[in-house]
Every structure is written in C-alpha cells, then in structure tokens.
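A, B, C and D label the chains in the order they appear, each numbered from 1.
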C-alpha cells in the first residue's frame, strides 16, 4: 500500500516511508540499514507479530493509566527515545529537536555518545526532559570519564552503556554508499578523543574499546554517581552477570539489527531474560517497536519500558521536533487504545496472561 | 485470479471482488477494513485454513440434515447474519433487504444498534425472519433501555450484547478516507441519544459506555425478558465469567478484526472456549467464514452456529436483497456438499474427530 | 521458469506446462482443477516435499530393482496409471492410448467407469497391459453388475471402488467454463444407465449412488470374482473398516483434490493408515506424485505402490500414447536414480528410516 | 536488490550475481544448478538461516583467533576450498588460479579428480598451499591407484573420497543446455581411464564405480599413505560406519544439492552426526556457506571446518585467482567480525551454546 505524498501520516510506517523519500540516500541507508543480509533487522519487527494478544472484556476501561516505574521512578508511560548517533544527518536540528519531542511527550531522551550536539546543548534545549546518557567506552578512558562527568553535570539521570559494539558490524549499505557520518568536529566526544575531519560511521566507532569486560563495568558502577544500564544483552547468562556486576537495569537489544546478523530479536530474547532476572533489576527492550500493541506485548512479557529508535528519527527527518513528537504521540495513542481493548487499563498490571504465541506464525497451538 | 465483470459469481470471494469494484471507496474501506495492520483481519480467514478435514466414507449421505439447535431452538442450518452497522452504505435498501435475504434462506437476522433502519422497519420488512437485536450499551442508559424495549416489542428473540467495543479500534482506512458513515438522523439509536448531523463511524461509537462491566451484564440479564448473548469473547477466562453472569450464549469473535490488531482469530480461540464452557451455554463463532468447509470446521470444534458478516454485505452491495440471499445460498450449498463429502450427513453430529491441524500450516504432524 | 515450446520436455512439470498450453481451456480446467480454493489440490504436491530423504551411502547400487509386490503379484515397479474419466477430452485416442503407454512401461492401467472407451476396446488395444477396473457404484445396480461382469470378462484383474464421490465436489473452474464432458453415448456406462446427449461432468456423476455403505462393499466383495480395492480413504478409522469388510487393498487418496477442499493430502494421511492396517492388506496412495523421489517417499512410508493421474494425462494430451509413455518413463528413470542415490537399490526394502520430516517445512527438528 | 556492474562487490552474494552475468550460460548452469527441483540446493543456504546466534558480551574481543585443528594439524582458520570439477569452465586459469587463491588466504585447496589441471600442475602453481585430493573411485581401479599415487607424490596431504556419487543426479539445467564439460583430454584422470573427445558432465561421471562399498573404503584406508576423508555423509548411521571403517574424518555434505533432491541440508544433518561421532574423528560440513555467521554456526554445531565451493568459483569466474582470493577474504573478514560480536574470540571454543533454532523459522521457541 503506497502512501501518496499528500496522504495524512497516521502510523509509524507512514513516517518510515516518508523519511525514505525525503532523506539523503546515504544518510537514510546508514540509519535504516542493518548488518549482513538484514535478517535480524527485519525480524526485529516481525518478532513482535509472532506474539498474539489475549484480550479481556468488561473490566471497565474508561480511564487508562499508561504509567510505569523505571529505575524506581514513575514515568508517565513506558516509551523512551533510544540513543542514536548523528541525528543531524536526519535533520539540521538533530538531537536538540529530538529532546524537545521527548520533553513534549514525556518520553525519556537517551543522548548518544556520538551525538551531533553536546550534553549541555541538549540539556539547555529541553531542560524539562528526563535525559539519560548513552555511553560508548572509548579506548581513551580519560575521554570516557570526561563524558560521564558532562552527563552528570548536565542533569542526565542514568548512563546507558552499550555493550554490543566492541567492533562495528558489517553494514553493506554503508559499504556501497560510502556515506560520511559527519566531520569529527561536530561530534564532541570524537573531537575530545582526538579525531579530526570527515569520518565514516566506521571511523567513529573505531574509537571504542573492543576489550571492554565485566570488570570494567563493575568499576564504572563503583565510580559513577549515576545508575548504570547495560544495553545490548540477549541471553539469560549475560543478564545474570549484569545483575551480579551492579547494573541498575538492562536493555534487551540487538542494536537495531546493526551489529551481527541472525542474532535473536528482542521480542524473542526478552522472556528468558526476564525469567532469569526475576525482578532483581529492571529489564527494558528495544528493536522493532512499531505499534502500540508491540509496547503492550513487551510489557506483558516483563519489560518495564521500551526504547524506540528509528521511528522517532523518521519523524525528525520528516518534520523536525514536531515530526518526532507526532511519531511519539501516534505510538502513545495506539498504546492507549491497546490498553483499553486488551482489557488492561493500567499498563503496570500487564502480565504474561495477555499474550500467547501467534497461531499465524507457528501454524498451530 | 481476477473475475471479469461478466463472469458468474460462484463463490463468496467472487462477491467480495465484485463489491470492491462497485462500492464507494470510503464506504468499502469502512466495511472491509480492520484495525492496525490488519493482521487479525487477514488471519480471521486464514485461521480456518489451518484446520484440515478428516473425511469419513461409506456412511450413506443421500440425505443431509444441516439443522442445529441454538438457544434451545431448532434452526434449519447454522448460519446467521452478523450484526453490521450502516448497511445503507452498501445498498439503499440496507437492513430491510438484508433481513429479507435472511428470511428467504432461514438465517437469523441480527440487527445492529447502529442500523440505518429501525427494529420496527426491519420487523415489518421481514416478519418471517428470526431476528436478534445487537446491543451497544450507551453511556445514556435511558436510550439503552429504550432500544431493548423496541427489540422486545418488535419480536426480536435475543439480545446480542457487544462487549469488545469499549472504544473504537484505530482503523487506518477510515483515517485516510475520512469516510462519513451517515447523518445521525438515519441511525435511530444515535438520534435518540441526542446525536445530530453528519457523523463518522468514530463519532457514533463514542456514544458507547467504555466502563461496561460484568455487573452491568448481570443487571441486564435480570432486567431483560430476552436471552442475552455476549459477543466478543476470546478467552476461556471470559467464557467462564459469561457462564457465571447469566449469559445465554457467547459469540467467540474479534469484531471482524476491526478492534485490536494481532488478537486471536475465532478459529483459534474457539476450542479452548468450548472446553471451558463444557456445554453449559451455547458457543457461536464469527470471523473469516468464507466457505462451507469453514462452517463445518466451526461446528466440529464445538460451535453451535456461525455468524457471517462481510460476505452478506458484499452480496447486498452487489445485488440488494437478492445478492445477499445468493451469498447465503452459495454458503449453504457448500455446507451441504461438505457434510456429504466429510461423511457427516447430520450437522448436529459433527465433532472434533472430523478436523485436525492442517499439515500445510504446521509443516508436520 | 517458463519452458519455451522448443525446449526438451525433461520433467513431469514440463509436460504439465505443455498440456496447459495445448489443451482446450474448458477440458484442461476440468482435468487440472480441484474443489473449492484448491488448497488440497496444491497441497497434494506440496505435502511430498514436506518429507526429506535420509540417504545411505556405500551399499553398492550398480544394480537396482524397482519391483514391488501388489495384491500378491510381483510388479516390475510401483507406478500405476490412476483411473481418470473422459480421456478423449485430452486426446482423441483416449484410454486406448493410455493403456498402450501403460503396457509399454509395465504400469497397471486403471480404467475409469466414466471412460470414453469400453473395457473391451481397451483390452483389445493393450492386451499385454495389466488392467484394473475402477468402479463407480451407480444408483442403478443392474448397470453396476453389468460393468463388473464386463471387467471380469475382459481380463481386468481387480475392481477399484471409488468411495469418496457420493456427490461431486464443487469445482469452480467447471462452474465458470460450463465445460461439456462428452455426449453420454461416448461413455458406455452412462449410456447403459440411460443417459443421453451432451452432459457436464456433474451430470455424469449424478448417476452415482450417494447412499453407498460398508454393507454394500461387503456384498460386492462376496459377489465379485475380482479382488476389491477401496479408493478414497484418508483416516485410520476407515482403513480399519476396509480391512474388516473384506477389501483386498486400499488407496489413500483425496480424489486429486477434486472433492472436498482442505482435506488431508495422501502424503500426510498415509502413515497413520499404514500403521493402523499393520500389513493386513496392501495400502496404495495417490495424489501429487510428480517426482521419482515422491515415489520413493511413498514406499518408505509404507505404500506398496502409487497411482499417477494428471501427469499421465498431460503426456497423453501432448503426445498421445507416446507422450503418456514418455511421462511414465521419466518418472521411472527418476525413481531409479532415487533408489541409487538414497542407497536403497531394492524398492521393496525401503522403510521409514529413509525419510524424515523436512526441516525446511517445519522450521526445525 | 540488483547490483549494478559498477557497484563494489562486498559480499559473496555480489560475486554470485556478477558471475551469473559474466559466465557462459551452459557452464554457469552446470556450476550453479542442482538436482530435480533444486529444493535441496536452495535449502543448503536457507538451512543455516534457520539457526540463530546467541551472542555473549563483555568478554574482551580485541584479539581474535580463528584457528582450528583439522586432522590434528593447526589451520589458520576453518575455511577450505571444496573440490569442484572443470574449473576452467569458469576461468581459463582454472584450478591453478584457485590454488593460488587458497594459498594466499591460508585455505586448504581440495583438488577434484575431474580437475582440468593435473595434481602436479596445481602443486607447482601453489606449492605453499595445503592441498587435499578429492577422489572419485573409478570402475577402473588401476586408474584410481594411479590417481592416489600422483596425489601422494605431489604433496597432497589427504584423500577426500566422495561417497555420494555412485551415479550422477538428474540435473535439468544440464539436460536443457546440453552443456559440454570439456574434452576428455583436458581432464587427466578421464584420459587415463581411456575417455576421448568432447564429453558432457554425465559422460565423465559414468567412469565412476556405482558399486563402491564400505569394504572398498576399508581397503583404501589400509593401502593409502594418506588419511582418508569421506565426503557425502548425511546420517548418524553412516557416520558411525565411517568411524568403524577407518576414516580420518567425514564431510557432512549433500554434494551441493546436485545429487538427490529433497535430502537434508548439511546445516540440519550436522548435529546428529556430531553427536554420533562423539569426537572419535573430525567432522567437516559443506553446502550453503555464504556468510561468516554460517561458518560460526557450523563450528558451534560441532564441525571442525567448512568447505566452500560455488562462492570461490564465482570469484574465480569474475576475477581469476584474485577474484577467488577476494571471496575468501570477505568470508574470513565476516568470520572475524562474527567471532568478535558473538563474544567468541577463539573459534576453537565455540560450542552449542552460541546457537539456537531461529524463532523466525520455527514460529516460536
């Protein structure tokens, strides 16, 4: 179903199509693409659709409460903006616009280490947004400490340490397009690490330490005044280690399908992780969230909240802060309808009984 | 396989195609469409095909008896016309023509609360039809009581209370087309509730009480002289509650895939519900019935009868009362052949042994 | 992969395409088509591909022996020509040509009750062919007795009683094309039953008794000098009854997908039937055999032999007796290669260990 | 996704497309094609994608070690060039160029009995390459002995005896194209066996003994100074016999889908074989390896190493020795990234815990 340009944009898929038509192809390929044959990229979306909803009726749903508790804090709803690098590739207003969209909708803004705006600029642009800082641990630990200090000084409330990018995945779209991410000077963290001039995404990520280990995490937890969230965990084994090494939360994630092809989707990896963690720390999930029903399923499977990345970026690309805000609003409106129609007016009360494996995926019960 | 206009219409799929070509696009989109990405809409049809038939031979099938017992009454066959709103959108003769088609074929006519003809008009047009009245419980309970009284006064024999529409699902076809359902004055129940002027389908459904609860159902059962059937149940848990709160029957239904996307299809939800109910009340099913074999499968899985919605509407759109009648006749002829060829000449004797999970869907036994 | 006209015909699929291009559309639709949406028609072919072969090596396969024992008689190979009505619709030489092709390749020729040649004509045309006679039991039992006598008198060695056609399935291709099968005079059995003039396939099959029962089979077995094979059984329950009522063999078959859509394919129904029969009588199978590997799988699952219908008819349509012979030769050459490459040089020693459910169909073990 | 000619070739799939565009159609069809409908041919690739990777994090992956032990010898990595006949059909430099590519990348070169260069020529062209000799046992055992002696004399370190080609599979592409493989004089082994003049691939393979048995293998093992590897085993039963008859290793293989259609893919046959062998001898696997992640999965499932055939040939076709080398380099770079991102920096430490059945294939856990 092709959406003609003049059609109203009523779903996240509409924004995805509109962004594909409007963005620079190289930048779009960088943002859209995944590793290898993009099997995991596609499955991130498909995996949520392999869960079906079991709706309950006649429970009274005139008032819905989408609020959830994350890191012990009540959030108005369970949607966060995932950290994404180089947002000025999508729109000149970049991360500051995204933060304003997050603020307007009550979503947490996760700022990337590889942002094209500084933590201070984003804090100034959207002081009322709850902000988390995504941390790539650089080989140069001095730069890393400097980044953590900036985050803390500018009111960021958590560190989201990405643990699934010791090296960059092989992304064929970028190999073909030769896309330039930005000049190093635009990315403050990279400039601090000594990078200069035009760089490809691959150049940037080579600043990152491939030898990061659990002991480094333990040290970071001890040294940091902020709670440490580990992003990029897909197995119960690693979830257990995260609990044991002091993480405040984990994000079940495969980095948007951008690192290693044919790894599990978040929607499939989530439940075993939740069972292993058994409530000791918060579990979040990202990857492939495109519908309010996906959010409902993630919460039913035990996630506290979800991160949404590309859809927010497509909103940014199409309409700046306003576009990103509209994308988040559509998703939240869909979540509200899903809560009503699943017979779960309070998001915090969702549990496993609201979902089951989809018969259309498995072929039978 | 495209059916050229001059081709004979020999299946329900033929009528579906013909209606798509002849109806106003907005009205067609409203009738055809479903919630979200229409995964459940499509799966309603597909789910019946994930059941295979296990036919028996040499039982003597020269005479077939499709009759079934519903609400303790013998019906000539197990097919009912599902309640559908605004049938004048499909054809100027609307619900009165549909009721005549039902009468001509022995099907029960379920009249919608949001009909574009009054209960009295439909009763007058097809006095010999068995008629049920579908009830949306409005926030204004006075209007609701008035509707129930009209139904009883005009010889409607049961109330079909829809329980899966506390709010309207998000239907993107309607958001894109901006379809107007009708002016409020055409929909008697809406006019009674004080609505005026042109309204979208969404406007109409906002009259409905989102806070309906089991206690309301219990009160309705006590106050009503008619048996109360609950339509829109998908889980054994809710089926049990229906038994406990006095329902005379339930309809396993996801509202034609129009409310919450990725919920279970009736064909998949039916068996667990039947097992839970264990014969205490009648179980009907709707959604995706397009073939006589689908009816046979529904009965084999324990349904007493099936509701057929959109196909009857396509018949109405294509040829008024005569078109709707022809659609029902095709379906009944297919059911007759299926009974003969499955070796089950009496519909009432179908049981689980006549079906199994389809190997083509599951990939193996 | 389109086969251009000048391309050599190297597979049964090539003949299928060539016949589709050369036959009269109505006649082709009659021969090709199935009931309903043709789900079972397509699945008959697909179901064999849901079995994988487990080949053994280093057993010495320089000499292969495809012979099998059927009804206690050694046959040179396990392929039979299935009974098919009105073969003159495919080629003017009709059943006599088909019988010559069977004779040339050592296949059993099963002549249909609704043949466009008499049992005597076929016997005269191919006296060296082993011939079986397929029997539809007509409402007029005198005609039926006459047919049985003709078969016995003309050296037919078995009666194949079709038990899955009490009425004709609803075949939409025929409803759309209005195909005429033949004039009744061309079909000797129909003429004997009093039919006259041009008739549709549906007209012919209305001569058949829809009330046939197991007791009729028992009587036929007692009265007939020929062994009685029941064709059209899909369940272990009916296979047991066949054993108990004196059948010499059964053919697991869904009538080529022509009777009731969404019934099981032979490839899926076979194994439970074989297990139930437990060697008491011979089990044959038909439906969807298109490759030598399909024959190998059928034998591995316990069938004594397979019937091949449409492919032989496509050969007949494309090239008369020679075309049908070539189709059978290709299939037998493929079977020979399959026996060698599966490490099963003697067809009679195939068993369950040579097959397993195909991982590509089931998604995993 | 079509790759325009000027696009960089960044994946094995790119080389496959480029070779299809540049090779002689008959030669390409011979190299590309498989038996029957090519179900197994396609499934060889698809089957690896039915396994998902379970990546671990924070283990320190700055240094990766892809080395593995094969036949007790440390190899720099687990990739071997599979034996392939008639490589001059792909490029005039044929097997000597392929051997140079193997030498340049540290891959073992397996030379085919049906090579278009002699063992001595290949040894001279790439003396530093580890070389294995693939042996077809000819009906003429004198020629076979001569081949084994040549291999030993020219420093080939193992015999890879192909056991799944007692006869040639039916490959329809070749039947349609009538491809000539080469003149017999170009294929030294065939010339030695007395063949002369232009021959089809089928002609060549008719020199092979269809009666090869386990006893022949046992004799070959006893007579040969080189370790004997059996290539073409798909069942645990045969894997056990290989252990018992003195094989040094086996290659789980279906001959690239070229012999018997609908047999299991290596990716599915591997695990049961590994479990049966239980470490007694080395298990290798081939078929469908197209990605570094496929290699990682093969090793996780217990293979010591993998053979890569067609992709190397496409490289040869596109760019001679350099093209084949580039293909191997891409695969090894992907393997390196996969080891880093799966958290398995040492290839030798991969095990079953790094993989699971892919939810996208099975529809659920």
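The rule is simple: a contact is a pair of C-beta atoms (placed from the backbone, for glycine too) under 8 Å apart; a residue touches a chain by one contact, two chains touch by 3 or more.
As the structure is a prediction and not an experimental result, all values here were calculated from the model.
The chains in contact with chain A as well as with chain D do not exist; no chain meets both.
Annotation: the chain C:chain D pair of sequence copies touches via predominantly different residues, less than half of the used numbers being shared. The centroid of the Cα atoms in chain A and the matching centroid in chain C are 59 Å apart. One inter-chain figure worth recording: chain A and chain B are separated by 41 Å, centre to centre, where each centre is the mean of the chain's CA atoms.
Multi-chain contact residues, meaning those touching two or more other chains, occur in chain A at positions 358, 362-363.
Under the stated contact rule, the graph of chain-to-chain touches is a ring, a single cycle where every chain has exactly two partners.
On the side of chain B, the complex with chain C involves touching residues 7-8, 10-11, 13, 49, 51-62, 291, 293, 333-334, 337-338, 340-342, 353, 356, 358-360, 362-365. Touching chain B in their complex are the following residues of chain C: 36-37, 39, 43, 46-47, 50, 163-164, 166-167, 169-170, 172, 175-176, 209-214, 216-217, 230, 232-235, 237-238, 241, 259-265, 268, 271, 357-358, 361-363.
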